[in-house]
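All chains are identified by letter, namely A, B, C and D, in their written order; residue positions are counted from 1 within each chain.
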Amino acid sequence: MNLIDWPYSTPGIPDNCFSRSRVPMTKEEIRVLTLAKARLGPGMTVYDIGSGTGSLAVEAARLVAPAEVLAVDGNPEACTLVRENARRFGLKNVRVITGMAPAALKGLPPPDRVFIGGSGGHLEDILADCHQVLRPGGIIVVNAITVETLGTVLSWGRSRGYQVEALAVNLARLEMVGRYHIWRPLNPVYIVQLTIQLGHEE
Amino acid sequence: MNLIDWPYSTPGIPDNCFSRSRVPMTKEEIRVLTLAKARLGPGMTVYDIGSGTGSLAVEAARLVAPAEVLAVDGNPEACTLVRENARRFGLKNVRVITGMAPAALKGLPPPDRVFIGGSGGHLEDILADCHQVLRPGGIIVVNAITVETLGTVLSWGRSRGYQVEALAVNLARLEMVGRYHIWRPLNPVYIVQLTIQLGHEE
Amino acid sequence: MNLIDWPYSTPGIPDNCFSRSRVPMTKEEIRVLTLAKARLGPGMTVYDIGSGTGSLAVEAARLVAPAEVLAVDGNPEACTLVRENARRFGLKNVRVITGMAPAALKGLPPPDRVFIGGSGGHLEDILADCHQVLRPGGIIVVNAITVETLGTVLSWGRSRGYQVEALAVNLARLEMVGRYHIWRPLNPVYIVQLTIQLGHEE
Amino acid sequence: MNLIDWPYSTPGIPDNCFSRSRVPMTKEEIRVLTLAKARLGPGMTVYDIGSGTGSLAVEAARLVAPAEVLAVDGNPEACTLVRENARRFGLKNVRVITGMAPAALKGLPPPDRVFIGGSGGHLEDILADCHQVLRPGGIIVVNAITVETLGTVLSWGRSRGYQVEALAVNLARLEMVGRYHIWRPLNPVYIVQLTIQLGHEE
């Protein structure tokens, strides 16, 4: 299939449509739940911090066009992949920033939505900087695979007055082995949604 | 919020935006995964069999407009709810059919996508009838909560030459109890995606 | 069945063999995993902190007899239940201490094993006091249902040099609804095992 | 540690205490739940069908001694491992039968408990033969990883009048990656317990 003409309006592009090498990728079903929790709409500016292969950035870019997705990753190999994957889907609205957040966020336009998939150990600084620039009604969605990240995001969100929701996600995909069907688990992940409460002032 | 202007392009309308009484509802996160597995796009005709509150029909209708979602349910109370929920979101493209599938499917336009959320014990007949009318490239997505339904759908799909994929979904939502966060599990559900293989002839 | 003669050597007494009212109970399957992680043996002194109905204390008492299980709970209703449940199984080696840990632990004989099922908000103090008296080769097993408890136990255990293992437990029990089988989830729980490393000196 | 003196009365011998090569092994936590559902006690004769490495047979043998565990496996490599693992724990009451069930069950003493971990595609025949010889009050526990096995066991058990209980088991073990803790899922498994109802006559 020519991916430039990918015709579906639902998120959930199959994993094997993306170029990935060994860079970590947000799996299709996790991506779908993550995008849903971000409540994207046309015209929203999106940060994708720790973008990895860019699978999330690509799906977001299709949903917010003509607004921009700003994909930030400190790994040059990842940045190359993000660009390649955006090109595969014919997207002009994915801007790739090679660098570590929060430093690499300096000077970017204020976001309506922020995805944090990787933080390189600077999660609280990234959250603090995003908090400064997040636009009214904004949402931050964090995908956490570590217990520590989950704890940090929850307590940070509560203390800043965000509305905090979260999901523990345990999925398994069906696989055929001979004539039988077995389940192969995906790695468990926590998806945390931080929504600015009404009355939040920057 | 005025739901007629619900502005987001991602699926995932919160459960409490729907009128529901005691009719079963597909929970937000399950709905999001179910819609993703159906790969909806504008112009696709959709069957929603066992539509319950119509939460899935409403989300689908927003994604396939101006094409129609045909919501079928044998319970008149459910049908009333589907109509009310469609009206809440200002949707004109949800047609409600009160009746049991497969009988109630007679004479409906052929679908591109079929959701089966409830079958009233007639799952194989419903699958057989949908198979007859499913358009080229069509997808059937079944949400199964029983072991028996899962088994039936998998073996039916294999024997008819469909490409079969499935997901076992175990999700838990975070909840505050005092100053602490605990997890409340959603009921486990299986989501099965049946895709017509290339070369399928009716 | 006369529970005094409960004849099995495997843990896993069914939930409905215990008297419980509204006091929280460790469910059979969680209890089984918790006991396994404690590696009990005859002659071991056991603390059961936050003993609730005493289902864990009863099973432990059968496995360590003639040594004692010291069941500690601040709720007098729970303490009554623990005594009743111990009597049901004809156990003489369950001693019930009504009071809040860590204060209530004062003067008790040093333990080989410690279960912490509830801490009334004093988890770190309880861990610190247990650490002081835990005998060589000792194991502490914490059942955590909150994200905060999990985080606290992990970081406490690491910083004190314990060997830390943990399990995220998502179980569902089969239930018949009409002619069909569905899954009912148990609440997710984390089981953390803290083992004193070789060379630990009190 | 000298495994002959393994001193614990709780099941749950760590996986790495068993010799295994590439033969499949029932993981520690799954083993613990499986043993609990079998309700073992001293003097019970046990079949372990599809015994793999023998980890389940070893734990069962410790719990039913001096009665025998009859470990049956069609793979000679597995049978060698079962013998080696029984020897490691100094067990004299594990008898290894090289051969495929149900044929290999011919002439064995009638069992009080039956574990079925693998059936080589002959599950219904194995169940039928075990049903013939199972002693009063007997229990069959099946570990199923395939959807098909689960379905077969449930419908077989219901139609023969067994009391049927089952557990869907989704566990994840904590693992350190750098300074962080992540969860690694075990493969999902279904544990089915079939108990002969009161009044069952052979």
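As a convention for this text, a residue touches a chain if its C-beta (ideal position, glycine included) is under 8 Å from a C-beta of that chain, and two chains touch if they have at least 3 such contacts.
In this text the structure is predicted, and so the values were computed from the model without any measurement.
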item: Chain located farthest away, centre of chain D as origin (C-alpha); value: A
item: C-D compared against A-D, more contacting pairs; value: C-D
item: Centroid spacing, where centroids are CA-atom means, of chain A and chain D in whole angstrom; value: 43
item: Centroid spacing, where centroids are CA-atom means, of chain A and chain C in whole angstrom; value: 40
item: Between chain D and chain C, distance of the C-alpha-averaged centres to the nearest whole Å; value: 26
item: Shared-contact residues (touching 2 or more other chains) in chain B; value: 147-148, 154, 168, 170, 172, 174, 181, 183, 188
item: Of chain A, residues touching chain D in the complex; value: 145-149, 170, 172, 174, 177, 179-188
item: Contact footprint of chain B on chain A as seen in their complex; value: 7-12, 28-29, 32-33, 35-42, 63-64, 154, 164-174, 181, 183
item: Residues of chain A touching chain C in the complex; value: 147-148, 150-151, 154, 168, 170, 188
